[in-house]
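Note that the chains take the letters A, B and C in the order they are written out, and that residue 1 is the start of every chain.
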Amino acid sequence: MTDRFRGSWLERLLTNPLGLAGTVILLVAAAQVALGPALAPYDPLEFHPRNRLEGPSLAFWFGTDQFGRDVFSRVMVGARSTILFGVVATVLSTAAGSLVGIVSGYVGGRIDDVIMRATDSFMAIPNLLLAMLIITVLGPSTTNAVLAVAVSFTPSMARIARSVTLSVRTRDFVHAAVARGEGAAYIVLREILPNVVAPVVIESSIRIAFAIMIGATLSFLGLGAQPPASDWGLMVSEARSFMFRNPWLVVWPSLAIGSVAIGFNLFGDGLRDALNPRVGR
Amino acid sequence: MRPAYLLKRVGFIAVILLVVSFIVFAITQILPGNAAQMILGEFALPEQLRALERQFGLDDPWFVQYGRWLAGLVSGDWGTSMVMRQPVLPLVLDALGRSLVLAAIALAAVTCIAIPMGVLAASRRGKAADAGISIVSYAGVSFPEFVTATLLLVFLTRPEVGLFPAGGYTPPGEDFLRYLSHLVLPALTLIIILMAHISRQTRSEMVDALQHDYVRTATLKGLPRRTVLVKHALRNAMLPTITVIALDVGYLIGGIIVVEEVFAYPGLGRLLVFAMQNRDLPLIQAGVLVMAATYATANLAADLLYAALDRRIQYD
Amino acid sequence: MTPGAGANAGAGAGAGAPADGGLAVRGLSVGYRTPRGLAQVLHGVDLDIPPGTAVGLVGESGSGKSTLAYSIVRYLADNARVLGGTVTLDGEDLLAASGPRLQAIRGSVIGMVYQDPSAALNPTLRLGEQLTEGIRRHEALDRRQAARRGAELLDRVRLPDPESIMRRFPHEGSGGEKQRVLIAMAFACRPRLLVFDEPTTALDATTAAGILDLIRGLQEETGAAVLYITHDLGNVARVARRVNVIYAGRVVEEGRVDDVLRRPRHPYTRILMASVPNPYRESGRESGRESGRRRLTTFAGLPPNLLSPPAGCIFVDRCPFVEERCRTEPVRLPGGTGHRAACLRSGEIAGSPLPAPVEAGAVNEPAGDQPLLEANGLEVRYGRQSLIEQVLRVPPEPVHALTDADLVIGRGETVGLVGESGCGKSTLARALVGLASFRGTIRMGGRQIRGPADMADDYRRAVQIVFQHPDLSLNPRMTVGQIVGRPLRLYGRLSGREREERVSALLEEVRLPANYARRRPHELSGGEKQRVAIARAFAPRPELVICDEITSGLDVSVQASILNLLADLQDELGTAYLFISHDLNLVQHFADRIVVMYLGRVVERRTMAGGAIAPPFHPYTEALLSAVPVPEPGLEARQIRLEGPLPSPKRPPAGCCFSTRCPRRLGPVCDGEPPPLVEAGAGHRLACHISPADLAAVEPIWRRIESEGTETA
């Protein structure tokens, strides 16, 4: 091990068993996202009419669905849309929320008051509900669902970015810059922003799991991915009519969603603890 | 706590609900088509459409419509559901009552189980009990409600198991036991995810509280470990936990929407999903507003509880 | 006693060390497991506290003094290991005590008082409950009896109206009141041993002085054994009879306080004492800024690495008297009850003076008659109405942080600004550098400034500030080079190459290696970080540097080297300082003129040109001066203690701001009328209704009492 690694946040992340487990799960998930269709033995949309609603077998590892499609292939291919959904929605909301939050926290005064009352109001509508409302306007589709989740996450990200900005802003190195006569652009970009990024990124890494779960829920409700897409939430929804005849149809995508969410949760918490060693594990 | 503080908080919520009503109104205004079109269908003649629009006041400027809707809300006239052709208010209130029962059961159960679990985990930090609770919690928070609900359905309502009804609702006056049996699985689903979340939160606040100097003072006063944990650490750890529980009510509302849908439980969530699928504007507006009001009330209650427990804040 | 400890303790026991009764620590060694190995923080420490005796334990941060204290009550971090030794109290082995026995001992047989009273009290429980819960636990008393006992205890720690105090929550009391409650708690069950862990460090000087009086009084009254831990030798002189000096986990010197303070024998103790100005000695000093007057003695080098300590004497790397044998021969504290030092050469070096601090060549004399900066009638108020308050028309209640403050700073001179927390000294600094909007005017270089917007670049370049906490004042995401180089970039037009060279030169000026430019703040020690902040302030060659409590968070030895650095820079560059501190002792040593503030107002301004600070004093200055702990045996300070809380700056008193707590209050005139600023001598003004002549007619603060010298150990 090199000296750079020893004592670094990466070492703390990987020596914490939960953080290590999360990292491993995410690496597996990342491989699924990257390779996707290459891991699937069959075309996920291909019908095998003779093998409908079969249990797991050597030919079909996870069994087949009501059209005789290979569930293993569908789960492998579905990783991409489900995971990317969470990541993209979180990245969008983090970017938008940080911008609003940093401006609000730095400018302060009446502008801050108004922005904060607005975020309070948006946050009074629960995330899922707000996302559903937005999709009702935009129409159900994966893209619209990503946008809806991103919008519904933005106010709380803005709150976090603002509170970090406020705490950084009152530190003496910012006072020193103001006293030197630095301009606002320098102070925001060079003094404040680098100190806001790390806590905001940690916070958003913890949210990815939640975004994935909401995305899957929207697909389940018919507001996200549309048939015949291989999407985990949609697969659970479609399998419900056949769940007593072939319970595996529900189990596989459920496990897939749960394990990826566990991975992101473990990784996010591990990252937070590794970057703030004082917070208890 | 001074009355002025209470007044201020209530006023604050009124303002937020006003803004929420505006957001909801604005979103529903963007929706393509309007009530007149919904009623007359796709092939309505333009003259008919305009006549009906005039009748509903849909040709007025948006702020007039908004004002009229708001005035209706305050006076108890919440409009008429376009699809069900019934007044919205009683529909919403009935459904809300059934949802609140579910939410109350879930919250009560969670609070009683999750907080002691979190305290236990924090006090045995790094030991087997902590690891066990931690693993269960991670699993609990990582399965969305629809997954948990569907898995419960698959394994507990199979014809050969048949422990619980797969869904639906029976009024309590009709058959109370059956009423209860319909509540079990939806409540259980909500409990699993919330319990995991709140116990993790309690644990992390407890770990934080245990590192404070006042815990050292209490220990070196010769107090037993249990007193130090409960009277000194938990008392402080509860403050942030209360806020989190209130925020979880928002989560719970989302969960209720899903759970009611999966178990065909006729609550506000299901009503709202129905309204959205059918673009029933008055119903959507009322449902969202009621949910936001519920959430805001939960947060107000948390704020007041916090204020009662934490004397440091000056509530004036 | 364990066999392992016998070797160490044998000599002591043979010489008649008290074997029974009181606290006896024998050969205690404690280490912490770290990712990089075992860090041993205590090495075979012996410590005796007979019943009825107060013993001081003096050391700097990292010396192991707190580990020793918490070893006694077995409250150590999870990664701590007791590697050897015993701790006994009245013959009972504390390290072997069972869990239930330990609970019975804590809070009843052993009481503790902590550094930060605000953190040590539970914010969600009433003070009465926190005070009595231990009593109810240890003694079979019901709630009412315990409450009565609690009230008695609060009375004994001289808190007025105990019943009302018991009903309060911690945040409703001042720091001093909270510390008194904690002291009452520690004394509650008539303990046989009391451990005080820096009980005055977090308190203001005048509050701390009262707490020290109380501790000494209660100790004499109850006859408990007391272990008093502090970093300040002056405090020890006030409360303890014997003192242990601890360095890097070893007791390096032990003896009666008188002996140790009068003739310290270990080089560490000698340098430690010389690194703090002695106000009593200063009171006899000559006037003027002659060479060497302002330099303090400092340590060379760094404390030893606890993971791999040196084989011989622990102090070799920093000792001015080091010899070859010091590096190889084991060094132990000799046994006995006399004055002992763990130094091979303590006998032979007793007479040799410590090396004098290095002097700068040129000395710039201050030119106080040429004003550099003049501030008139500065006023700062804080407080903004929230949106809702504005809608509801709640009247604003601003904090009067600074009221009608005048200040003149001459070219190249040092103006000391002194006062306790909440006096407005930092607010004044913030106004001067444009961080707070103010009313009134600042004049500099022929220009009038009426607010932060008037501060042009040349003003901002000429007036720089250094903050108290270097952790907060250096951006953790930047390198030292970027931090120090930024002002050069902002105010100057240097090429990248020239700037790098300037940064190296500036680092050298503050005695840091040039390669520190590539480091980040978290890789530096507290003192080093403060040097970086000083280098940044000096980068644009300012005419005035405002030093806002810049040594408060630092150990005294680091403080001394920072002060020397400031003196060097001033001698070399002729920069003026506004030196802000809560420590009157430091200010009167360092400054050419001093300004005393209280509750947002200037109460006294005086020049130090005439030598030491002498009467007439403003009554507040007098109280501050009497609160300064002096490491001087046989010296008694006149006790001037302030009663009551600091008034709220939202509602300052109508008359004299000090009238509510003034020990020399005349009567209604003080409450009703603001006092005039009267001339009390050349360059000396004070705001008091009492005439300067009356104020001058006071006894001296310090008095020698020689009879104390005959006490027995």
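Some points to look at:
The criterion applied here is as follows: contacts are C-beta pairs under 8 Å (C-beta built on N, C-alpha and C of every residue); 3 or more make two chains touch, one makes a residue touch a chain.
What you see is a predicted model, and the numbers here were worked out from it, not measured in a lab.
Sorting all chain pairs by how many C-beta pairs they have in contact places A-B at the top. At the far end from chain C, in terms of centres built from Cα atoms, lies B. The mean-CA centres of chain B and chain C are about 52 angstrom from one another, to the nearest whole unit. Note on chain placement: the centre of chain A and the centre of chain B lie 22 Å apart, centres being C-alpha means.
We define each chain's centre as the mean of its Cα atoms; on that basis chain A and chain C are separated by 49 Å. Multi-chain contact residues of chain A (touching two or more other chains): 117.
Within chain C, no positions touching two or more other chains are listed.
Put simply, chain B touches chain C in their complex at residues 8, 11-12, 212-214, 216-224, 227, 231-232, 235-236, 239, 309-312. Across the complex, chain C meets chain A through its residues 35, 386-387, 430, 433-435, 455, 457, 460-461, 464-465, 467-469, 472-477, 486-487, 490, 536. Note for the complex: chain B touches chain A at residues 15-17, 19-20, 23-24, 27-28, 30-31, 122, 125, 134, 138-139, 141-147, 150-151, 153-155, 158-159, 204, 207-208, 210-211, 250-251, 253-254, 257-258, 261, 272-273, 276, 279, 284, 288, 291-292, 295-296. Per the touch definition, chain A reaches chain B in the complex via residues 18, 117-118, 120-129, 132-134, 136-137, 209, 213-214, 216-217, 220-221, 233, 236-237, 240, 243-244, 247, 250-251, 254, 257-259, 261-262, 265-266, 279-281.
Of all residues in chain C, only 73, 75, 103-108, 110, 112, 114, 116, 119-125, 130, 133-134, 137-138, 169, 171-172, 182, 185, 388, 392 touch chain B in the complex they form.
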